[in-house]
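Presented sequentially are two complexes of subunit A, the first with subunit B as partner and the second with subunit C.
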Partner chain A sequence: MSAFLSDLFANFWVSLAGKLLLVALMIPLVGMVIGYAEMKLSAKMQARVGPYFAGGRWGWAQLIADGVKFFQKEDLIPEEADRPVFKIAPVLVLISTVALLVVIPFGPGIIFRDLSVGVFYALAISSLSTVGILMAGWSSGNKYSLMGGLRAAGQLIAYELPLVLAVIGSVMLAGTMSMSGIVEAQIEAGYPYLIIQFVGFGIFMVAALAELSRIPFDMPIAESELVMGYLTEYSGFRFLFFFLAEFANMFTLSAIAVTLFLGGYWLPGIPEDVLAYAGPVIVLAKTFLLVFAMIWFRWTFPRFREDQLQSLAWKWLIPLALANIIITGAFKVYL
Partner chain B sequence: MTFPNFDLKPPVRILARGGVLSTLTGMSPYFESYLTVGAFAVLGAILVMVMLGIAAVLRPTNPTTTKMLTYECGVDPVGSGWSQSYVRYYVFGLLFVIFDVEAVFIFPWAIVLDELGTFGLVEMSIFIGILILGLVYAIRKGVLRWE
Partner chain C sequence: MSVSEWLGSPVNWVFLVVALATLFSSWRVVTAKNVVHAALYLVAALGGTAVLFLMLSAEFVAWVVVLVYIGAVLVLFLFGIMITRAPTGKDVGLDTPHKTWPALLSVATFVLLSWASIQAFGTTQVESVGEPTSTEVLGLALLGRFVIPFEVVSFVLLAALIGGVTIARRDLSPVEEEERRAV
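And then the complex of A and B:
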């Protein structure tokens, strides 16, 4: 049976179909799990109960009920909107979300496709969603959306740079851009790169939060002033896609951080042959730990002001990331 | 039990001129990578279409003039949605292009740093130094000042 499976998955087309099916199931599932976790944790942190009735116990079916509800919502596109652009925007955002998953290693050899330029690819693809968000903001024909879209563009490009520069430290240490190559280099080195790259990790997480437009960086969708910014005019399933993409991107960006800084599927002291099975569990555990931190931040920090947000990126994070590159380079060359 | 191998190293045939072809599909692994990425991107688009398609069957369609208005805190929108606004972000756009190109240069350097040694490190320090000078200039020029 297992030999048959191996043979079957050795066929490129069969394995590709299997991977696509897996991802098609994974994205809504991850979205639901994180959405539910967000609801429950938010409730916990604010001394509320949170979802309670759906599904009978602990409101576990809340997100499924929400999904069914969204299916039945009227799909409104405002008269003033630029219809084609309005419709393409969520597609672009979701494409970037799905394509990001390609390079994340879940175990030794368990990866959708190990690209030789993995890190670079991940960062390039993740910036595709910026275009989608700008399109959404522009095409809505709404003043709030326009403001939100512009803010989003300004913020996402400002934090794209620290994100890109922060990962260079890990690439340098590993000497490869392949995601599984970086994990293997960490196994070989015997320590996760967090120990040397703690600055890089910090910058990466801050920039990832900003890329996701999550509190404290939620200026583009600020509910209290921009009534959800670029999301204002979206309704029904189109609206849901943006949320699905946000939750799935929380997962993928955390998984990238896990791969680059926290040793990926590796835990010290676990033998190689066990890793093949425990790998995905370890990756998921580490990833959800970071996702938990992101949700935690949401209820801990107040929102940045727009100029503070820009100066944090340009005056602090980018020079810090550049200094980190030089110091890591010196470490690599002289030690 | 062997673990189902997700074709990390697919069976390949080495060609005489040095290329590599997968024995199963007749394509190079390089092309297969592109194909995988392309298939994932298409899947993203298909997911949207399928879900919207299902929703199209279930949802009501009853547009009215009021519903099709853009939202502006409950009152009728004043003027066009594409009202003139001060795009102060274009300067960031310019800065971004410069630094993003820089990042593109740093990545290959980061990989071969071991072979370049001190020489490479000094070179990159100079390069980054010049860029930081540019950033300082932009900041002193007041790009980040919000009045």
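And then the complex of A and C:
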């Protein structure tokens, strides 16, 4: 049986279809788990109960019910909208998230595709979502949407730089841009890069929060100012696409942070042969820890002002990231 | 190699589809009646270019095209267009009567370049160099043998950056200066 399976998956097309199916299943699943966690945790932090009835207990089926509800809704497109652009935008945003999963190592050899320029690929692909958000904001034919799209673009441009620069520290230490190569370098070094790259990790997480447009960086969809920003005119399954992309993106960006700074699928003291099986569990546990922190931030911090956001990126994070690169370089050469 | 032989290989099919899509998008960049559509077709054209680089195993260059051109340059294009003028629907101010000479010029450039490459290479097939150049080799070459041209280019870019800031910057009048300090 297993020989038959391995023969089957040796076929390029079968393995490609299998991987595609796995990714296509992972995104909604991860989105639902994080969405549910967000609902329950926010309820906890506000001394509420949260979803309770759906599914009979703990409201576990709330997100499934929500998903079904979104699919039943009418697919509304505003009269003034630019129809083709309006329709493509959510797909582009979701694709850029799905494509990120390709380079995340879930265990030794458990990776969809180990690109030699993995880190670079992740940064390039994630920048695609900016185009999708601008398209969504413009094509809605609504001033609030356009303002939201512009704010999002300004924010993503500003935080793209610290994100890229923060990653360079880990790449320099590992001497490779391959994601699994970076994890292996950390195993070989015997410590996660967090220990020397704590500045890089901090910058990465702040920039990731901004890239996700989550509180305290949620000016693009600030409800009290812009209705819902670039999401205003979206409804039904197109809204669901944005919604899924946001939650899945929390997962992928956290998983990238885990790979680059927290040792990926490695935990000290666990032998190599156990890692092969325990790897995915360890990655998921570390990733959900970071996702939890993101949710925690959302329900604890107020929103930044637009000018504070820009000066934080340009005056603090970018110089700090550059200094981090110089120090890491000196560390690498002299130690 | 005959046409049917050429079409026998699936790689060539992928190339054909991507190249035609890129050509079509580039054509639409010039002919689109809406300036945002033109910019979005440029995104598609550059995406096609990136895929062509990928097909040549130039992975690093392909993702540089995506990160720098789509992720930064075109996002700024779109940002600039949308913040100044961006009506949905047809944009009337886009057409120009001066089409003939630029069109002739581009056709002439195309003919010249094609003629030059056919003259230079004819039917010679480019031999595969084997292993694709790894990013590591590329980086070592840029910061080793080609470090001086690399630094010169970055210096020119820095000068352009400072120039851009100087042009865009508006000096405040003394009254405005005072107001700003008060805030």
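In this section, the second predicted complex is superposed on the first by the 330 of 335 C-alpha atoms of A that agree within 3 Å, B and C clash if a C-alpha of one lies under 4 Å from a C-alpha of the other, contacts with A are read in each partner's own complex, and residues count from 1 in each chain.
The definition used in the following text is that a residue touches a chain if its C-beta (ideal position, glycine included) is under 8 Å from a C-beta of that chain, and two chains touch if they have at least 3 such contacts.
No experiment lies behind these values; they were computed from the predicted model shown.
Chemist: Would you check which partner chain A:55 touches, where first means subunit B only, second means subunit C only, and both and neither mean what they say?
Modeler: The answer is neither, since A:55 touches no partner chain.
Chemist: Based on the superposed arrangement, let me know which partner A:280 touches: subunit B (first), subunit C (second), both, or neither?
Modeler: neither
Chemist: I'd like to know which partner A:137 touches here: subunit B for first, subunit C for second, both or neither.
Modeler: second
Chemist: Looking at A:85 after the superposition, I want to know if it touches subunit B, subunit C, both of them or none. Which is it: first, second, both, neither?
Modeler: In the superposition, A:85 touches subunit C alone.
Chemist: With both complexes overlaid on chain A, does A:149 touch subunit B (first), subunit C (second), both or neither?
Modeler: In the superposition, A:149 contacts subunit C only.
Chemist: As a test of reading the superposition: which chain, subunit B or subunit C, is in touch with more residues of subunit A?
Modeler: B
Chemist: So in the superposed three-chain picture, is A:177 touching just subunit B, just subunit C, both, or none of them (first/second/both/neither)?
Modeler: Both: A:177 reaches subunit B and subunit C.
Chemist: Identify the partner contact of A:115: answer first if only subunit B is touched, second if only subunit C is, both if each is, neither if none is.
Modeler: Touch partners of A:115: subunit B and subunit C.
Chemist: Using the superposition on A, tell me which residues of subunit A are in contact with subunit B and, in the other complex, with subunit C.
Modeler: The overlap between the subunit B and subunit C interfaces on subunit A comprises residues 80-81, 115-116, 120-121, 141, 146, 150, 153-154, 157, 160, 176-177.
Chemist: For subunit A, which residues are in contact with subunit B within the complex?
Modeler: Where subunit A meets subunit B, its residues are 2-3, 5-6, 9-13, 15-16, 19-20, 23-24, 27, 70-81, 90-91, 94-99, 101-102, 109-116, 119-121, 140-147, 150-151, 153-154, 157-158, 160-161, 164-165, 168, 171-172, 175-177, 180, 227, 232-233, 236-238, 241, 276-277, 306-307, 310-311, 314-315, 318-319, 322, 325-326, 329-330, 332-333.
Chemist: Residue numbers of subunit C touching subunit A in their complex, please.
Modeler: Its residues touching subunit A are 34, 36-37, 40, 43, 59-60, 63-64, 66-67, 70-72, 74-76, 78-79, 82-83, 86, 88-89, 134-136.
Chemist: Could you pull out which subunit B residues touch subunit A in their complex?
Modeler: Per the touch definition, subunit B meets subunit A at residues 1-8, 10-11, 22, 24-25, 27, 32-33, 35-37, 39-41, 43-45, 47-48, 51-52, 54-56, 58-63, 65, 67-73, 77, 80-83, 85, 87-89, 92-93, 95-96, 99-100, 103, 106-107, 110-111, 113-114, 117-118, 120-121, 124-125, 128, 131-132, 135, 138-139, 143-146.
Chemist: For subunit A, which residues count as touching subunit C in their complex?
Modeler: 80-82, 85, 115-117, 120-121, 123-125, 127-128, 130-131, 134-135, 137-139, 141, 146, 149-150, 153-154, 156-157, 160, 176-177
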